[in-house]
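Note that subunit A is present in both complexes that follow, paired respectively with subunit B and with subunit C.
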Partner chain A sequence: MPGAAGAAGAPERLPAPGMWATYRMIAGMWIRSTLAYRASFAMMLVGNFLVTAFDFVVIALMFSQVRSLGGYSFAEVAFLYGTSTTAFGLANALLGSIDKLGARVRDGTLDTLLVRPAPVLAQVAADRFGLQRLGRLLQGLLVLGGSLLALDVHWTVLKALLVPMMLLSGTAIFCAVFVAGAAFQFWAQDAAEVQSAFTYGGQTLLQYPPTVFAKDMVRGVTYVFPLAFVNWLPALYVLGRPYPLALPAWFAFTPPLVAALCLILAGQAWRVGVRSYRSTGS
Partner chain B sequence: MTDLVELDGVEKVFDVRRKTGRWRREKQQVRAVDGISFRVPRGEMVGYIGPNGAGKSTTIKMLTGILTPSAGRLRVAGLDPSRERTRMAQRIGVVFGQRTTLWWDLPLYDSYRLAHRMYRIPDARFRENLDRCVELLDLASLLDVPVRQLSLGQRMRGDIAAALLHDPDVLYLDEPTIGLDVISKAKVRQFLRDLNAERATTILLTTHDLTDIEQLCRRVMVIDHGRLMYDGALTGLHEAGESERTLVVDLERELPPVRAEGARVVKVEGPRQWLAFPASASAAPLVAHIAAEYPLVDLSVREPDIEAVIARMYEGPRVH
Partner chain C sequence: MSSRGNSVAKGWRAGLGSRALVSMTGEGAFVRLYGVVAAGGFRRYTTYRVATAAGVFTNTVFGVIVAYTYIALWDQRPNLGGYDQSQALTYVWVSQALLMTVNMFGGGFADELVERIRTGDIAIDLYRPADLQLWWLSADLGRALFHFLGRGAVPLAFGALFFDLALPTTPGTWLAFLLAVLLGVVVSFALRFLVALSAFWLLDGAGVSSLVSIAGLFFSGMLLPLNAFPGLLGEVARALPWSCLLQIPADVLMGHHHGTGLLGAYGFQLGWAALLLGAGRVLQSAAVRRVVVQGG
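Entry: the complex of A and B
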């Protein structure tokens, strides 16, 4: 009889899937289901590309009137834009669904994710994954590639290595912001807008040179909310520009450390959030 | 027999804020579960019943690891559900009557395919379990239908199948027959009975349909206001609830209420009278007495109604 194992004692269970395995299986399921409608998928991808490219059109239009922005040339601003948009685009493609968490907490549907043998974070993040989200990422990479060709920079090995490093740690920092923002929604279920202010808002901020912002603003995103480590600090080193705050040059190389720290803190906040989850009465 | 589910003095307190004035908000505590202890051995099928707001769903949410208990000790298969949530999830199946665990916008089969991978069910086992559920729960024609298009009863059967593909040790069912028609209810009950008999799956079931309990569970627990009021055999509920049987007598004509020792008249309607007497007492002496003293035409005895018994328990005095 097939049930004999159950009666005799607990059958050995394989370890539950981890974060990344869970993410892949759920995202894969959604990709399969959206690819069934190829035409609508292609349209959404193009739409996503165009909508997000609008930000760059604004910058290009500005440069048709002025020669520099905060002392930065078009190619330099494009470099900032490209790094910020690529890092954010990747983080957003990975974790963009996470801002639905507040709604799930409010209506109690998080219950159903908690009874599955997989990390809740991966389940929430991969829900409704759509390849059209890659539109923003593509667009950012395109602008970044263009700026690298146009830039008048004396490249060294160190500077060349700094570019991929900044994209990876920038993505990680944005991911941490997404996770922390979602964790916050365990307590304030309507905080999705607050989260967008830091994610979408942060991305836009970093697309411009720090010299166009007030000093206090720059201090805030450097010392308090470390968005400046996404691209400003390393990018300004690549461009050979002084950072508006008096910081030693080696700060340009700290983004991986800052990213790791942010991820650890965000992960901790998330765990506390899950434990405080109280479901609903019905 | 080992105990699969163990609760010792488990409590769950919710802090809620209530508006008490225009500006004032008062913090209040709701003791949803207030010190519950019980054990369930492997292979048992237990009914967990109580009025609305008694704390049934809250108990199940703690058992499944969704909620962390405020106090007390809770173990399922030796695991602490909320701390070892993912390991716990591999060993349990959960069906919420009110809420689906299926993927809402995708075809039913996608939910099963994902479960296959997520629970790491061996291929042969998955096929076998799925085929069995599809056959017994009549799912064959529903597999390609998006979950959101399923009717309540179809969705519930789909949910039950999803909870069983990975051979759980314990199955929790929170109102699994809500909204099902008579035939579906019978099918689901038969399915659960077989599951329990053949696979020794431990089942904990909450319901407001006492027929579910009567047909499935030898043991029943009654909770109210977060406390366990009764834990024992279904038949024992009668004694616990001091239940009474009813003797209905038809007399020749309208008469004043019958006087008989050990029974009292609860209702008079023309020549027909209803007498209540303890369920534990025999009806014979009572019948003999009335036949001797009154012009008796006809009589019948009504067994106590389990629903009435439980309703009386709910309303009975509460020890706090």
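Entry: the complex of A and C
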């Protein structure tokens, strides 16, 4: 490419910015724009914090009535909640705007992004970057921190390392779900809400112990749609709890692999989606 | 937008030029105008069939997740909040069924109204020979009916099929439930109308609207039945307007209110509806005085 530029009087091409540079540039622009309405932004940040805080308040309310849920103590459920919410919060902050893709396909604004010399995925992901989404992340981190203090766990180096590992791979798995969901919207533009069942639904599911749910659901999110790798498998290892399915213990350490696999598959789905995209022409 | 414009134009031609004309041509024309608006609200949402199917899917998935957490909770504390386990499960599925009908997440007409206030299009709405609040209420009632049928029926049927629910067998109770839902929608509208009007002062209404819808999500009992809230928090939550949206309709469906108790529940909903709609009118007239039409 660079060799071809400038040949035979062709206009000199600027190098196309990479994925991350594009993302940073657009996200930065939206952050500045968000900060223009400061009062509204402050309220949205608080709102975003509260919406997930209320999720946790509900769990606290449940535990004001009972001592354990599905055999798990408050601190243990808080640990699951904290890891699930933090991983999802990070993925949501990074890629949350991507579920607007269907709307872009419908109204034709995706075409604008396609002709720009920058990766489309980065443009779609950074579009309308919502700084207020950090509210959710912050809230998840607070609960996670609190649960780590309250947990009665015999910590080992391995278990301590598992915590950041599951947060990062959990984020990656949720990111893959976001991208795959967006790719799906190339075909079904109006079906954005299906994605919520797996993103928001997945986050809610993982906030509770697997013992609460039917075995078939646990099987489904372990073998078919691998949400269990976000936190259930590694977290249950940390808590010293048996996983409801007969899986060898080393499965607790596989989330990075599963996350990588998910990202590859989601990336493929995205590419297929972009390639099969036909503009509405409007 | 254009369908709305058309119906106004038709109304105008039919002699509904102003409120004075409306009263001259009588109640019939008045009902007809807002009936057309409501029908438009209904029709508008029927267009998005794939979105409706997607929403039904998501509501059902959430219903299943929440149902299992409630089973775990009621296993530990049978009779929590005066519900047995099948009533708790009924509550879960009614809440998923009503989620969109009472517009628990906000948005809908409110976002549109805020946008019109922000861009100044509201000046056109104020020029129209129709009352602003009634106009949006009618459109929202049409939308609510669609969401009740399109988004409510399937999750509730799914819940009834796969879980042990305590649904009533007498048609009277179902009718009483429908009335409670209708009043819940009106209270929900009145709340969101108030919030939307705040955009006259704040310009960007997103912050207030997200705060209020979060408060609504919690205090409506969407996350946990208000009956199961402990002590004072429960009492406060049950007295707030949001309890009209879900808790009261669900309790009416499960036969918790009958006779004078049922009238009391309706009275509570009507009281909040009147108070909030009245507040909306006061705020509206204050806001209208602020509007400066720039022309152009």
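Basically, the second predicted complex is superposed on the first by the 269 of 282 C-alpha atoms of A that agree within 3 Å, B and C clash if a C-alpha of one lies under 4 Å from a C-alpha of the other, contacts with A are read in each partner's own complex, and residues count from 1 in each chain.
Simple rule for what comes next: contacts are C-beta pairs under 8 Å (C-beta built on N, C-alpha and C of every residue); 3 or more make two chains touch, one makes a residue touch a chain.
Bear in mind the structure is a predicted one, so any value in this text is a computation, not a measurement.
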Check your understanding: So, does A:Ser40 touch the first partner subunit B, the second partner subunit C, both, or neither?
Key -> second
Point to revise | Winner by number of subunit A residues touched, once subunit B and subunit C are compared | key: C
Exercise for review: Identify the partner contact of A:Gly70: answer first if only subunit B is touched, second if only subunit C is, both if each is, neither if none is.
Suggested key: second
Point to revise | Residues of subunit A touching subunit C in the complex | key: 37, 39-44, 46-48, 50-51, 54-55, 57-58, 61-62, 64-70, 188-194, 196-197, 200-201, 204-205, 208, 211-214, 217
Study note, to complete from the structure: In the complex, the residues of subunit C that touch subunit A are 48-51, 53-55, 57-58, 61-62, 64-66, 68-69, 71-73, 76-77, 80, 202-208, 210-211, 214, 217-218, 223-224, 228-230
Check your understanding: Within the complex, which stretch of subunit A touches subunit B?
Key -> 1-3, 5-7, 10-11, 13-14, 16-17, 22, 25-26, 29, 33, 108-109, 111-112, 114-119, 275, 277-279, 281-282
Review point. For subunit B, which residues are in contact with subunit A within the complex?
Key: 14, 42-43, 53, 57, 61, 64-68, 77, 82, 85-87, 89-92, 94, 96, 98-101, 103, 105-106, 110, 113-114, 117-120, 125, 128, 167, 169, 198-201
